[in-house]
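Below are two complexes that have chain A in common, paired first with chain B and then with chain C.
Here is the complex of A and B:
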């Protein structure tokens, strides 16, 4: 197989509880040893509940907030080994779209100015910049004639289109989409998703799609990684995850999706979900897990191959207790 | 935009008053009927009349002229010390927010210890070190109000740093210094302008207090604080001596506060 466009190796992001008076020396591990690879041209889905470290992971792998430990390789080049200027030059290849379109555009800047920033950094002359900005806006369905307007003159959906256009303005190869539709109305969500699908095929992009919505990720992604408390607990092709999820947490996520068939919604999960301090032993899902056995509270399961590239981090990945 | 019409009228009234005050301060020699230091010893403690619209003081100086000239000291001290504190404080706040946690802690510790002193006491201390006079007052007041700006700018910068557009700019490969100038500073400006207006009111009071105590403007320089000090001994005989500089002071402070409130409402898109 060719070199994956993005490879993340044992990435950790720790936040030290700083200050002279703080007791905790271990700090908080928001992302704890995450590894995965994204093939060029694919869509990689990352799912998990809020607070599990998805966004921290996204920011760390883009070096917006560099990882504490671990490596990020973009087309085989380790980003950690680059100089500041080198990293800046590299950034054009991987862009990010944020969850909140309202905060993603500078309120004091016209759309044209916001859009031209990346190209200006690359030394593209003004006329060329304006031409490419207009083209990018057209691509996402915003009238280029409106480029002189300010962010508050646009709706949330339009703003998200503009941030997508801004990300695309520097011709990236990888687009990290961090919950790009969660803050939008359902009708707008569908439009943006269709736009993303359309752009991907037209521009041969690779997506890293982050969401809490398993159904949405399953619809878009070729491969899915499920994150829980800073770790990937299950990783596999979308078909495998959909048909034969092995980790109890993944199953629970599917079961929690409301359906119209009249079945009861799965019972609420007990226990808290915050990324705990790193000192605790055992499987981090043990407290909530219905399979939980004694061993789960003392042994921390590693991610291992359950066959056919389907990875799971569970001591008891039984296959026969599939319920509804 | 301010929605309540009453508040808007108040805002325009404050702007008008401050504009008149500013114009009077600049054009003082043209507007004032007499020289502020000229003594008419035959007309001492004269009540307001046609020749002296606001009356005269214990040395027979025209109070209207002195009040007009006194606005010069007040506004000059205000402008210079607000400029000093805004620049100094913003710089410290920016550096603190964007540098390492240890430098941040150190800078904010210095700022907080400055804040922990009572303002007038600190001003007296600084002026005693630097000597008496308006220039010294400007420096002292400028330094004293810098921590308020430092705290404000630091907090705002820390919040702005995590805004999507700042991260997006970084992701687009903009160098850090440019990110600060292009995205952080312009979005800070509104809050700083509001703080300037409120601080201006405070500096006018401090200038008057220090002059009243004899540490600021030195006689015969006209200053509202100094005029109030002179008036103290004649409160019963010539209450107008205290009334007019007092009113000028009170209205100036009030108007700057109204201006600050209105500006914060105008510049805050969420209200």
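Here is the complex of A and C:
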């Protein structure tokens, strides 16, 4: 197998719990020992519920907020060893698009100025900046003639197109997309998703697609990693994750998603499962897990290969008829 | 339908604003909710779905808003023009409400128990002791066992899912005939979302209340509703049973919305995106408001506003559907509906 475009090894991100309100602890592990690799040209989906650490992971692997422990390799080069200038040079290969274009675009700057900034940081001369900005806007379906306008003159969908254009203007090879359509209306979401699909094939991009929207990730991704409380609990091809998931949490997550093709929801009340603090030593999911046994509360399962590149961190993985 | 619980007829609302002539976010909404029915009102942002719910609750800010025309009848009684004191009695007592962000509606400086107890004393005239006991029961009902402990907590001490359950407990505390739930699960994670949707259905079954479920999420609506109304630019464009609207949608807007949803089964195909954007309420296109984005639009669509007609039994009669939208009706407002 060729070198993956992105490789994350045992990444940890800890936040010191040192505020006046916090009890003294070793610090909060928002991301706890995450490893995965993304093949060039693929779409890698990262899913999980709020607070599972997926956005923290994205920021850490781009060194926007460097990891506490662990390594990130871009095409085999470890980012941790790079100087600030070296890192800046690498950023052009890995760009990120955030959920909220309003937060990503400065309201007081024209689109041209916003887009030129990143290019100027890379030392691109003015005339070339102008040319690349126009080309990138054209790619996402915004008229380059409108580059002098300000963010408020565009709709939400157009603003998200502009942030995508800005990311593309430096010719990245990897785009990290963090909930890029979650703030948009249904009819606009599809436009942006189609645009992302087009761009990926035209520009031979690799996507790391982060979302809580499981239907969307199932539609887009080649491989899916499921995060729970700072860990990856399962990782496999989209087909395996959808049809023969091994981790009880993955099954529960995907069974919960409303679908247009699904059944009507049954009015059955479940016990409240919001309680259940994870045990310190064992599996973090043990308290919520319907399969959990005593061993799960004392042994922390490692992510291991259950066969064919399908990884799972569970002591009692589900059995599948298809076999491992 | 004479026995509709809630019947909204031709409701039009305008806002005075900077735009000359103001805007008309509701341009004649027709909607009927039967007793005990889970009726979903689906639309994109700015479609008027929340505004419609706001009018039913009597919470429209007048001015700048103004009700231009129409009628809202609830249990046979006209709500528009009712004194605020009367409206307030209905709200909470006969019509409960749940919103997307419960933190906005819970008092942060009051224990949640006190908030439920106050509502019970106000609306049902219970004694404080009786109200406390009832409040604990209500929390059990919404899946918060050990209710008494939770009664003593402040909203910030509860998780998002627990706060939404408390909000639901308050909303159903007086066993209302109608619960208005405006995007009640949009801020929640999927596993929690499913629990809350199940809870709403369970409460509907137990209490026999109707639910007007306002949402932008078609998959959620598919999961929970019995009847669905689709709203676009302040007008209902389609309304019918869940099976009909999802299975045989009549309006090109509904068809396009359904085709634009990403799902695993659509892998490898492009989504059918709807071109353009939702027009804002100050610049609604003439004729059928959807015509600039509609792939089928003809000259008539640019000129004439289509009436909402019943297609349940084939081509519609000439009379508009107003007043007799039966449970089996399938209404659409499209010049080309049913032609295909």
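Everything below uses one rule, namely that the second predicted complex is superposed on the first by the 293 of 324 C-alpha atoms of A that agree within 3 Å, B and C clash if a C-alpha of one lies under 4 Å from a C-alpha of the other, contacts with A are read in each partner's own complex, and residues count from 1 in each chain.
In this text, a residue touches a chain if its C-beta (ideal position, glycine included) is under 8 Å from a C-beta of that chain, and two chains touch if they have at least 3 such contacts.
Just so it is clear, the structure is predicted and the values come from calculations on it, not from any experiment.
Within the superposed three-chain model, A:11 lies out of touch with both chain B and chain C [touch as defined at top]. Looking at the shared chain after the overlay, A:174 reaches neither chain B nor chain C. Legend: residue contacts after superposition of the two complexes on their common chain; A:226 is shown touching neither chain B nor chain C.
If you count the residues of chain A touched by chain B and by chain C, you find the higher number for C.
Judged by the touch definition given at the top, the superposed model places A:46 against neither chain B nor chain C. With both structures placed on the common chain, the touch criterion links A:118 to chain B but leaves chain C unconnected. The touching residues of chain A, when paired with chain B in their complex, are 18-19, 59, 62, 64, 88-89, 91-92, 94-96, 98, 100, 103-109, 114, 117-118, 121-122, 152, 163, 166-167, 170.
On chain A, the positions that touch chain C within their shared complex are 49-50, 155, 157, 185-191, 193-194, 197, 212, 214-216, 218-220, 238, 242, 252-253, 256-274. Within the complex formed with chain A, the chain B residues making contact are 101, 105, 163-165, 167-175, 182-183, 186-187, 269. Listed in rising order, the residues of chain C touching chain A in the complex are 44-45, 143-145, 159, 161-162, 165, 189-195, 197-199, 201-202, 204-205, 216-220, 222-224, 242, 246, 256-258, 260-267, 270-275, 277-278, 293.
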